[in-house]
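Next come two complexes, and both contain chain A; in the first it sits with chain B, in the second with chain C.
This part shows the complex of A and B:
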């Protein structure tokens, strides 16, 4: 089966699941699915400002999902996008608040710093895998916890910044904030950057020699090794890139949304992004669409709760079921889907 | 008889009853027994447990073990087959396992016994012994049906032969009234492709192997000393599991090894990567096409460049135009079907997949080619083409090392034959002085 029909099939399955599971959950919560979904969609897409907020969520999910896409395509189950995103945000927050150059000039440097922070965190797992054969699932999962605690320590401990409240860095000068796209929303050019990264990742995978070797390592490691692909090096580079893109996402939240680093930076974007990447069938084009769909769920959840009295946890239930269904499908169809 | 995919095994399974027929009927008097090509034995259990599985003699709720043992002994004695009822399957060699399968089917007293590719895993001497057993069974009145693709066995042992092609029976004849060529023609549906002629070549040193040792356990390579010269095919004859895989992996740089490898004057230390070996002009046709050679989900083009991805590039980008042109040239020269370089390779038949694997190795200016079971599991037409191309490569001055478990293939291709047993080279024969009986004996461990 080729990639495209499978991507479409997965998308249809995901959308069907969203409505079926969502309706059941709403009925259990004594609410009308029609009213519930109506509130959810109008809350997410009903006005320019609501659409803006949806795209903010889309952006926050798209960066880590693209990082995960690279790692998964290389056959590496990077569960650590959350930690990589936090580390990227932390690095960006410190560099931005401490940097002597104010204004727009700081933006690219801060974004790069974020990518570097996340990249180092990803590279660490990649190194453990390449050098010692450590299972990357375990390594990245544990690095998530370390990242969260490290951030808490740095922000509150000896590196606490002057004038900063608990759990945060000092705020970033207004001139270094990312420019907004829609006035009076939190939507910034980070969304455009995410789309550019998506296009670059797609191009890298399809057209470059490195992308070819990376896909070979993921799809048929034994054949790739015999074909001269250095599996260790590929794992290291793929994990670094994966982490860098997640870290860039963290930096984008810091520079565009919070304007400081906060330990509560991510409500689990790095985990939801795993589902986004899988629903998007690990193709950056579909991953982008999936990120938007999950962005709708994320941003519509609150208005669903306030307007239709449906607990916003229904969205968490929907996301959970989609993740289990698609991850399970992938797992069970491995090998048989030939 | 019939090529791979002709429908032989399916027909056998329908006759046995494990696959339901879509339509039509099968008439049989008595029970049908079937011994599968891949044995269906439980490795951890003993011989008697496997033989009597499902019909164990009982005493109350418990199995009557002494009676079971006795029953297996009686069966063995009745059919003249030697077996220890208490041996565990995992400790038994392939030929003995096959006997267990046979006894298991025989205890059901079949009127018809189907044997699916029964000699695929046996050594030449074991094959002879096997056919003596089968003859004896036939003499007792059992109808024996052997599913095989080995022409020589049919000619030597069968009374009648039925040929299948593309799911249909195309011919049925008495062996005494026919010839090898006639059977082969019926199998392929036309004349057999002729194999390229070998021309005299001036050989030059290419690969030298000295005191090579690699791998661990049963399939380890203990010691190998030999040379493969440019312009010759060196064949390694041996039964699977005697160190061939360790040798192949060491040459490809996939596993650590000790000893000296020299290729074209360059010492190849174990740390020299597979990529560096490919750059030196070393190519491989791996044994396991699906796992070691191909990415099934990729197109023919993407698979054709695998191994030389650093050659088909411009800067950091893949040179897709050149890759497609290269793939297209393989598709044409090797008659790959469908003739579409963008087709997904996993959707092709095994023979066509193998043509791509062989083509990308031979059409990329190789200096040395390791061909490990290059015609395994592919049809006669594709096999003849692959063998022809190997001879043409040799004629053009490539050094070829052929590892094969099929003696016929070795005899067809090799200029020199090395026999491998127990991780060592135990004999060397020049093409002019091939001694089939002696080689067969060495393969089985004779000294």
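This part shows the complex of A and C:
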């Protein structure tokens, strides 16, 4: 085992934990793990439409996980993907419902609006860090809650849209929905966009000067600083980019899945995405694979609940334990930075 | 006068779970461990408090169960971040996700229904008052313990410079483990207060991010128990005011956002210099 690369060891550990923790939880619920996991996997992968739903979940996790990957590689603990995703969705929902542009022309603008909304939210934490040295962990945690409250206020308060139900924006005209990939599923080209973003992030980290500086700032901030890397600027840009990708994910859910913004847009995608990014060893290629694995868990949970009488929350327990188990890696040399 | 008194009482009720959680956070962070998992420890206290009361028919037994569950969860967290030097932020995030999921799962297993438990024997008005009073006493006692006792000095040494503490014969890992675990027990009381003090049941989402407000209170209170008391009362007052002002047109979301905004302001240094313990969040490796 110890000869294997770290990433492979982490993946093996994660998969083992999924089955061990899941089985224990199922046994506690007096359910057979065989039946439970059987229902989970067949519910996630058993038919084209089920696979489609799994890829919907994969997409929803992949965007924030890629954002988190960028921030973590830069040595910044962005725990705020959840808030960035929500604000991206909120911005996208408003722009999409209010935009006079018909049909497909609106799509790129709405996606950009989502990226902008999430990006601003990420940039806020980046700015507080770069300008005032405010710890980004606490800042992003606070910004998560503020984002949720802000969204609730905007949607229900004075900016409530005509014809919208509580907690939602008005629905988006059918013509501007993202085109589906598999008929009669919720799987849209958002999945393809997520894969393209993954490829771009990988290229950016591995092949560009900024990617190099970003990794240097994460791996050895002191050395990077002496070599001329502007740490403040790197933090600001990395957090903005991180938030923008999470926000793009929010916009993709709005345009492709819900066709409106809803305050219950995310069942914690931004937090589960932390596990996705860690299981994927902070490498966009493996993060993509990890997003699929977690997508299977997310989408199979409901069939497991209905067919094997295992409460779907077992998935959250599994995800939490996997995160704890993968907290062992020293991500970067963090000094005291508050 | 009656309205003012009602506001005061409600402030104390809203401040108490925050105070327990933030005192747990202060103890943990002064020893050098950032405890993002406070929310999970509140959940553990609240959920197992109700389960214990349900199983035994006795609210006090329930309260003990709640505190024990939170203590165990904190001990697990403390163990992995000290002995294995796991990353505190990542592990704490995992603790929260797992605890919230486990409580939702447990509701179905124990009570056969999702969402909320049955109503169980609760601590009642008297028990609620005792827990409120105890929280305030605890803040004063902890301040004295941290400032004036040899153990408090050891905790502070491990939070500021664990290597120097180790050179002076203190075991930083052991000290941190104990501080975080006791902190978890204290936070667990906050959870018990929510489920068995204020109410008589557990429902999903009942902790409502109080563990995160508590983190804000730790910072706003400048890592001091009495500061955490002040911050909790401040946040509790605004939570209480929100009920009072519900019909006056002030949007409740903006009031709810206040603690978080206040914490951001404090973090950015606008409220005077704020300094965390120097080794806060930094794993110690022998």
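As a convention for this text, the second predicted complex is superposed on the first by the 323 of 338 C-alpha atoms of A that agree within 3 Å, B and C clash if a C-alpha of one lies under 4 Å from a C-alpha of the other, contacts with A are read in each partner's own complex, and residues count from 1 in each chain.
In this section, a residue touches a chain if its C-beta (ideal position, glycine included) is under 8 Å from a C-beta of that chain, and two chains touch if they have at least 3 such contacts.
Just so we're clear, the structure is a prediction, and the values are computed from it rather than from any experiment.
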First, second, both or neither for A:163, with chain B first and chain C second: neither
Chain touching more of chain A, residue-wise (chain B, chain C): C
Partner chain in contact with A:108 - chain B first, chain C second, else both or neither: neither
Partner chain in contact with A:316 - chain B first, chain C second, else both or neither: second
Which superposed partner A:100 touches (first chain B, second chain C, both, neither): neither
Which of chain B and chain C A:268 touches, first, second, both or neither: second
On chain A, the residue positions that both chain B and chain C contact, one per complex: 338
Residue numbers on chain A that touch chain B, as the complex places them: 2-3, 207-210, 212-213, 215-216, 219-220, 222-230, 338
Chain B residues touching chain A - in the complex, by the definition given at the top: 252, 254, 273-278, 284, 286, 291-298, 302, 305-307, 309-310, 313, 316-318, 320, 344, 346
Residues of chain A touching chain C in the complex: 25, 28-29, 77, 79, 128, 131-135, 137-139, 141-146, 149-150, 152-153, 157, 268, 271-272, 274-275, 278, 311, 313-317, 319-331, 334-336, 338
Chain A-touching residues of chain C, taken from the complex the two chains share: 34, 36, 80-81, 84-91, 93-102, 104-105, 108-109, 114, 209, 212, 215-216, 219, 251, 253-254, 256-257, 260-261, 263-264, 267-269, 274-276, 278-283
